[in-house]
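Chain nomenclature is as follows: A, B, C, D, E and F, assigned in order of appearance, with residue numbering initiated at 1 for each chain independently.
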Amino acid sequence: MTRFPAPEIKDLPDDIRARILEVQEKAGFVPNVFLALARRPAEWRAFFTYHDALMLKEEGSLTKGDREMIVTATSAVNHCLYCVVAHGALLRIYEKKPLVSDQVSINHRKADITPRQRAMLDFALKVCTDSHTVDESDFTALHAHGFSDEDIWDITAITAFFGLSNRMANVTGMMPNPEFYVMGRVPRNKG
Amino acid sequence: MTRFPAPEIKDLPDDIRARILEVQEKAGFVPNVFLALARRPAEWRAFFTYHDALMLKEEGSLTKGDREMIVTATSAVNHCLYCVVAHGALLRIYEKKPLVSDQVSINHRKADITPRQRAMLDFALKVCTDSHTVDESDFTALHAHGFSDEDIWDITAITAFFGLSNRMANVTGMMPNPEFYVMGRVPRNKG
Amino acid sequence: MTRFPAPEIKDLPDDIRARILEVQEKAGFVPNVFLALARRPAEWRAFFTYHDALMLKEEGSLTKGDREMIVTATSAVNHCLYCVVAHGALLRIYEKKPLVSDQVSINHRKADITPRQRAMLDFALKVCTDSHTVDESDFTALHAHGFSDEDIWDITAITAFFGLSNRMANVTGMMPNPEFYVMGRVPRNKG
Amino acid sequence: MTRFPAPEIKDLPDDIRARILEVQEKAGFVPNVFLALARRPAEWRAFFTYHDALMLKEEGSLTKGDREMIVTATSAVNHCLYCVVAHGALLRIYEKKPLVSDQVSINHRKADITPRQRAMLDFALKVCTDSHTVDESDFTALHAHGFSDEDIWDITAITAFFGLSNRMANVTGMMPNPEFYVMGRVPRNKG
Amino acid sequence: MTRFPAPEIKDLPDDIRARILEVQEKAGFVPNVFLALARRPAEWRAFFTYHDALMLKEEGSLTKGDREMIVTATSAVNHCLYCVVAHGALLRIYEKKPLVSDQVSINHRKADITPRQRAMLDFALKVCTDSHTVDESDFTALHAHGFSDEDIWDITAITAFFGLSNRMANVTGMMPNPEFYVMGRVPRNKG
Amino acid sequence: MTRFPAPEIKDLPDDIRARILEVQEKAGFVPNVFLALARRPAEWRAFFTYHDALMLKEEGSLTKGDREMIVTATSAVNHCLYCVVAHGALLRIYEKKPLVSDQVSINHRKADITPRQRAMLDFALKVCTDSHTVDESDFTALHAHGFSDEDIWDITAITAFFGLSNRMANVTGMMPNPEFYVMGRVPRNKG
């Protein structure tokens, strides 16, 4: 990220600084994407508004684990180090499966996931690489696993949004925080 | 768009309806993307906020024609009918070149554009298809044409954002308004 | 076309000049391919004899619109600016559909064409990119739409011939005449 | 070739029959392409006129061995059994090198050919698969080996013409005559 | 092979020299792979032990012709001149079909082989290029032709092992002995 | 691995059982590859002899970390879950870098490795996917980083051998032991 230096938190607009401090409070560190994009406040606001609309919404049948699984699998196709590592961490935590992120990012066909999740990822990867070939047969395959048209919109939108994120991270050289690599792999210390 | 029916303008939230009516006033019709995405107001707001942050900003050396050229060329790679046709229209108008959109979308190497624009499109297409391979040599090549690092961020972000848009349009079956196909190809009638 | 300058019409052999003047009479201009290839009279004669045998023949069930649609779609895959623009114009005229050429060249799956034409293009694109994998299942799929084996030969031959044309145009830098870009997009003035 | 049965020689138009008998006289057998395409006399005439204009012409610096080498190498990329086997035979004979056809069709980089021929094949393969990316640097590389612009036209046209031939052979299931497989591999019996 | 010169037979360890002399005795010449890899005795021993375990074993339903057919077809995909030529020779001999090696290496879909062999090659080519996508449907397709799971292991292992061999030959520039090119193409002289 | 059930350790030939117990003693568990391949003792012996010849040898300038880095990066290209996870663990341990395996398997261009290792991986990935295009320029690039021709043989052989391993693991459904996923990511408990 040397070409595009991140700003100091103290220099950021109030709304952005507030959100970043909130994340830091919750996670114990500031994920680099929050700082890297903050160089451009208008883009930052649009990015996180979009992110929240897709990833924090309550509607639909996609669980938080499903959503992070889509992000992890499609970001691997796009060779995005930041997103595979950061969202792989969230995937492990939401799914409570310490091995699933590596499985999904290396070869989702071998992953210990449900047939429904397998169908979801098959579709997400098609949207990621060949969205122009999506047709009725893809909808039918997903309906067979209980996905509604609205769920299909969600899978598409999450894939599309993180495709944007992958390209920004790849070109700007965004690096994942070291904390993400191990998060959710080992039981937390308690006490 | 039969699976994902567009809402009626009258049923939309005030802010969205206002923007749509404003566009209609200016263009003489409502581009379908404004209605297609309005089914989801939260996503609509994020989408157009992001769009405006990239496409309407005053900073940087990219002209409006440059930006629409990036959208047209990369959307062609993604086989997005909506974006090639709609943004190809804007490109013709901003560049005042009735032939340029077809040239850029079929083979930008044969297009009647400046060497600077050629370098810009070479990079945008790389971000579109192989962003993980971008490295210093790409920055150097663009600097040689007078692009700054901030301009490179802009090219990347526009490519990334419309890659999102391309995937949404492809999966939802968004069709360009007939008006776009011919816009900017022939002199306007004056009265 | 600077490396391979076109000859003057007046310097051409009689048969070639006659054909070119006839085309000019009919179209109002000389399509560049007629001049670009005329540098080599023997090749010119073979090229247009082949062209006419495939595109002007009366036999078979392919309409003139069907044939131009094959040319437009496969030339887009080969990124041939000349053929997409020139034959896209003919396609619009024969099909009387001002939007169809852009649809077919950007993503034929989204085009407003018949299921029979869709099957025809699916096959033509396979011949264009992976002809060695064509097998019985492709014939069966086309028979289901009423295509005979002779029609399949026609689709193949048209795709193959314009693949030749695409490569010649791409390497020699053949540019479409400006007239083609707008032809068939707007109603003709009548007087 | 069961779908597209070849006609009997005796039933063919005089000019076609004459040429075929002439070839048979010279080669000792009738190469299948002459019969397979004769189902369509108009296309047959155009095909062989084009063929002769490119392969039998005296002008230019490409030897007959060079031309057959282009055909063999590009037909291998198109997985055309007929053309690799038939033109590989001619290549062995013209170059007087019994091993060269297998080398060129499997990996021309390992073939026992001249640097000039290597450059010629590098370009032909680019025309075969990515003709839209050909640019000035390709012309410069070929000029360095003594190829003129007219030679480059020849390489392009031969590649383009046999790309047509490859697609026809692949779809119609044209099979090479058994005689071709071994021709030029072993010294002829003399007597 | 100039970068990696082959050792003299006389300088080799006894076991390696013995095997090589045995092969020479049987074939009339020493296939280059035996010498090229002998620069590294430990790797040589592992390589030929592996080779023999797969290619000389008696168990399973794959004939020696089947095995050489797998090697020839997959080595063609990897553009390995040495393996296509050397194992194509063995294929012709075991199958007693002088044309089959060229057919299988150029386009196995056009080869004069059994449907069972066609299915075997379809699978081998998938293992060669996309092994991560192999799934139950591939096993089912092979079972339908009488292949057992152990046979499928054999097809996989042969493809995998010669993929190793292809890469070694390609990088070290291993050239096939001239004898291989014509072996099995013409009837042997008897006397 | 249900189709190809692993044998019981007690039922294995003495030499194989001894090696497996030795590995178990050292690692604390038996890596699945040792059992999965033991169904076929002859292949097992060849596989591990080859493995040891490449991975345990003392000669040459490749460190153990370098070798595991090659395995991890090329196995990721082949989407081999077993090898990326198992050898990624060894890579982290040998390099003493807990983050390096994820970096190398997702995008080695972003990895925290030396320029020499970057060049090594660039070459290994080329051998993995396009070995037939390797030429003198690749040797020159590696020499510039101090690699000898023997080192280049090593990089090639390691890539080639694990390409074999990847295909076996992918088709047989070999799953990495859970222990590998976290190994080398966190400091060992000391007592």
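Keep in mind that, in the parts below, contacts are C-beta pairs under 8 Å (C-beta built on N, C-alpha and C of every residue); 3 or more make two chains touch, one makes a residue touch a chain.
Since we're looking at a predicted model, the values are computed, not measured.
Chains that touch both chain C and chain E: A, D. In terms of the stated touch criterion, the partners common to chain C and chain F are A, B, D, E, listed by label. Of the two interfaces, E-F and B-D, the higher number of touching C-beta pairs belongs to E-F. The interface formed by C-D recurs in A-B: of the pairs listed in A-F, C-E or A-B, only this one shares over half of its residue-numbered contact pairs with it. The most distant chain from chain B is E, comparing centres defined as mean Cα coordinates. The distance from the centre of chain A to the centre of chain D, with each centre set as the mean of the Cα atoms, comes to 52 Å. For this pair, chain B with chain F, the centres built from the Cα atoms lie 45 Å apart. Each chain gets one centre point, the mean of its Cα atoms, and the points for chain B and chain C are 29 Å apart. Along chain B, residues 79-80, 107, 110, 132, 170 each make contact with two or more other chains. The full set of touching chain pairs reads A-B, A-C, A-E, A-F, B-C, B-D, B-F, C-D, C-E, D-E, D-F, E-F. Taken together, the chain F residues at the contact with chain E in this complex read 3-4, 40, 42-43, 45-47, 49-50, 53-54, 57, 78-80, 127-128, 131-132, 134, 139, 149, 152-153, 156-157, 159-161, 163-168, 170-172. Taken together, the chain F residues at the contact with chain B in this complex read 107, 109-110. Per the touch definition, chain F reaches chain D in the complex via residues 132-133, 135. Against chain B, in their complex, chain C makes its touches with residues 76, 79-81, 84-85, 98-99, 102-103, 105-107, 110, 170, 173, 175, 178, 181-182, 185-186.
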